[in-house]
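We call the chains A, B, C and D, going by the order they appear; numbering starts again at 1 in every chain.
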């Protein structure tokens, strides 16, 4: 007998956690002498109040879908991948190398190639920690943390010494050729005859992200590798009994995870900046943790949570732009969401379970 | 109204964002006018912020930092009636004023001062994040130092390769101590928040330091030899003052125009001997007159002296 | 490399290892009790902020230290609440605490001081000064021993000596006292402690709070000892290095001393020789800066691949499902 | 024993629910001072829960506890210890990498410093060892002790805390007959000292042998309390399950065919360098059950794991295994569980919760576990979840798995039903060879009967079965031939017909009665020195 209905587990608990996180955030805003209601208004207006706001919200959402899926896939294998940040950074390198290496005739050719580059580099950056965990028993949490730092140094070296056009001050690669620019959602809307989100960075990658959600869902619940990943994540010993190789699954799950994190780069590097810059990831790798947790490690949940964080990011950005609330407020909100939906999950769940048990007793 | 956009480092970075802020505040205090200000929160927002400000009718719009270059080049044609001012970068558009500084010249003077103030003949340079812009400071400093003391020794350190390098005063302090133990007695810090740790450690160790961007002489009176000041505040002040009449084109803020200079005030008066003052003035004049050509690292990513 | 240089590098290593050592021992208490902690970074950061703020406001480094301890302890309490009381995921709680500290310090700092998350610089009694040990100056001329005593051993802030004293103290507490026995037991098999009539929750909370106190010392050292004030994100990854050192030390106090010394030494050497010229190639400074992280990975892969963490570590204690 | 005026323990109206599970319902129990009181009941009947409440490990929802006639509030284990109660849990509560001494003083230290406590405990332990025959090396690490010795440490812990009332939860599940005998001698000694003992067990033989009174629990309720002398095993069994059960299996004679499994000279050295298997030779024919008896930790686990394709990490293997005449590899990717299944080996592992099932998977997902590569479960590149569900439904029906809900997670089935899921999965595949370890450990009598029938049916369909069990009764009832393992070797083999407990017991203790005079056959406490791996405890 389950302790509470599935809907309560999947929807009610995270919702209450979220409300708590926002409640405390409101207190923080009050504490720094600002008005939370006003702040919320600015956020909603800025992120959802116009197609313009949506254009940004969806852009951030796309980033977070990828990193959220990355954390989620690893999580199903019982692996905590905190290395999304570094993997996404390396994914950017993959994109830049692919796009700059060949004269692409049209974005439709460049996109798949860049996606492969991004996924490959992200996957490779996850492969080493995966291999070290599987073969050498070094804890993947620690190694992926270290690999974030190493990725930053590596990218800096490559940008400053190899990819930067001479004379440019910016530690950034050359601009991508115009033919490799991805169509923005606003362009696509214009193509369909209406104006939507002019000058916003949301681009065709958004659909790639949605496709990724679907594919990940299929992978995890409808394929043998997915079955094995989940089995391994729940019980390593039982996996061995069933002939599932821990090394293979650890490596596989991290490769997929790293590839997903790397894929984010086609959104921010190829779709938005149209060149590779330092720190292009901007913490999206870490937000992926919150997104996966909020989304209950399901692609649909990840999509919704990414949307939420897209809203937070765009709304919070507006907040920092137009009010005197520093942008670190978003970091605090993000921390609170992770805390309440991830670590303090039981604080909400336990009373709810008791409630449902009592209700059932009464009903029976 | 005019508007000012700060780069990702934030308004209070003790560097040019803060200098820009000071310039705007000065304008505000003098004229009683108001201005809009914005702080960047992510890369993707640059364009958003610019467009929103332009649409809201702000004019001129001043932005700090080379990172705005790409975006500005893209959007400036969309708002032909708005004037833009970009600091630290050249953008060639009819409605854009580009303000660039010759940091290598100011750093050259810092190198001259350091060479003469040093008793040991060894001086240091501590950079923040290891990027070309900071190498530009380093290279100018090295040229001034070597020109004055060809046999002198220069020790160079960078704090790191990630943005964390701008915010590690502990490491800054350690780097300073390491340089001191190698004999350095004047150290030039171009390292943002890390520099604060360098100046502090220098004061603790009893050696001289050189500040950067803003006048940092007051942080440890009598212990900061001088500061290599960029006139970011001046350029913002002047842009605000000119209002919609801001002149498009490249504005080089060099030594001659007072765009870069060494800070001399009561705090460092006792440290600046006549010899130093004379030598710095001479070098400044030579640079202004073209007698000395200070090489800009960023033109070719190399430095003629090591 | 001459003797003086060696001494100076070692001296630098001692200063740099101190926050690592304190944080590492902090993690040791917590993890030995079965509560994993990747939030060392955040706790140190919070402590650095509160200690610098209070030291600035009161002009007293000691009050600052207390505030630092309080700041880190508050974060530790949160970690305890999440991972002990509510049996949450300890890794996730740690991640959240890192973010929380990173955001709150700037938010509060900006509100209070308006310096963009920096605190004003500290001077005088608001900082911990360097202590000259007795006879340091008279011994200095003695060859070898003199410099070692006067330069390396003498002349650090009180917090450095506290950190080093914590090593034998921790060993003694862990292996010679009732509290230590129970602490180790609760990290290995909490049910054994529970059935012996000792509260698992209370023990683990005690350990987590000790962890907070030590992180408080580490943060206060960063802000009021080795530097003079708080700068945002000033911990710069030291919490993670301390964590790596803890694993490298296999959760043992004396080994922790060795591991953090090694990491401190690595950083000191990289500071001293930024571009390592190996004749054929010059190692770029970017590599030298990433070296501690790379070495950590190598060390983890090579030597401590079989480091066995406390058996109940990372798992909340669940009596009734 | 004459009864003392007030009973040692009196429980009134104890109830306890874990979420939706009502583990104890309004329980009354009286235990007389100086007696051994048995408690029996099916798995999950609530025995452990009741005792854990008495020991203060769980708190009851309602009810009252009286010790020696006085009502006491037992808020935690500390209070129980103060009231003179000691408990040896079903799953030992020892710190594996502590010494015996450290384990004994944990929670009962004399002061803030350890040394005085350790010194005092060393003395006390010596005295207790002499008094009750509870010898253990005080400085040995617990992880290096055999299960039997670990149990002694648990008893010592209780006695060190001066327990008057000792609760033992299924103490004999992991012991050899000889070790169990030794334990019973200790218990009788304690009883003669005037101590009160509560003994939980599934083995009716033990109840009849040692207890004075016995209480029976069923589905969380106390259904009977009787004097042992006035009852019989069949009556107790009936009380336990609420109906009549067959204690003996009806078994037609075997008709062995061609050899299915041949094992020659199988050796295994584990990662620590300990030789676990020292040259095993076995043969099983079609249509026959080979039972492997032995105390846990003598290599049975390793044998099953190797045959099943998942030896522990870092183990070195040597020897030869043939299935239907074809050699099976010992190493490499073709030696894993998946390859073994493909070759026709089914495997019910010893530990169903840790190995046989993914506890967080639904029942239908679990019915494909290990066979998720089977062609009938695929549809193109995807898995055919509908087909797996349909298959699961069929299995649930045929095996009477309750509740018949394929979407329930395995965790939420009772132990017996969990085992049925595993057995259904493995048996229904009709493997040429079925490996089955501890098929009925922790499973109640009703389910035992069912599982035994299934195993025999497989045999009668001409398949080979390798049965490993620590329950001698089970081995003797099911097997056609019995091999006894001791210290990584096969000590001897007997036809099941005519095998006796005494004979097998000798072999289990490492003594071959054929080579030794019978009087000296059973050493008092025969625990092999090398079984550091421990049993399933």
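Note that contacts are C-beta pairs under 8 Å (C-beta built on N, C-alpha and C of every residue); 3 or more make two chains touch, one makes a residue touch a chain.
Computed from a predicted model, the values in this text were never measured in an experiment.
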{"item": "Interchain contact steps from chain B to chain D (minimum; 1 if touching)", "value": "2"}
{"item": "Selected interface, A-D versus B-C, where C-beta contact pairs are more numerous", "value": "B-C"}
{"item": "Centre-to-centre distance between chain B and chain A (centres being mean Cα positions), rounded to whole Å", "value": "36"}
{"item": "Separation of chain A from chain D, taking each centre as the mean of its C-alpha atoms, in whole Å", "value": "46"}
{"item": "Distance between the centres, which are taken as Cα means, of chain C and chain A, whole angstrom", "value": "30"}
{"item": "Multi-chain contact sites of chain B, meaning residues that touch two or more partners", "value": "130, 160-161"}
{"item": "In chain A, residues with contacts to at least two other chains", "value": "149, 153, 156-157, 160, 326, 330"}
{"item": "Residues of chain D engaged with two or more neighbouring chains", "value": "19"}
{"item": "Chains touching one another, given as label pairs in label order", "value": "A-B, A-C, A-D, B-C, C-D"}
{"item": "Chain A residues touching chain B - in the complex, by the definition given at the top", "value": "56, 59-60, 149, 152-153, 156-157, 160, 164, 166-167, 169-171, 175, 199-201, 268, 272-273, 275, 277-280, 282, 313, 316-317, 320-322, 326-327, 330"}
{"item": "In the complex, chain D residues that touch chain A", "value": "19-21, 308-310, 333, 336-341, 347, 349, 354-361, 365, 368-370, 372-373, 378, 381-383, 385, 408-409, 412"}
{"item": "Residues of chain B defined as touching chain C within the complex", "value": "10-14, 18, 130, 156-161, 164-165, 167-175, 177-178, 181-182, 193-194, 196-197, 200-201, 219"}
{"item": "Of all residues in chain B, those that touch chain A in their complex", "value": "38-39, 41-45, 47-49, 51-52, 66-67, 69-70, 75, 88-89, 129-133, 160-163, 298-301"}
{"item": "Parts of chain A lying in touch with chain C, wherever the complex brings them together", "value": "28, 31-33, 80, 82, 128, 132, 136-139, 141-143, 145-147, 149-150, 153-154, 156-157, 160-161, 286, 289, 293, 326, 328-332, 334-336, 338-339, 342-347, 350"}
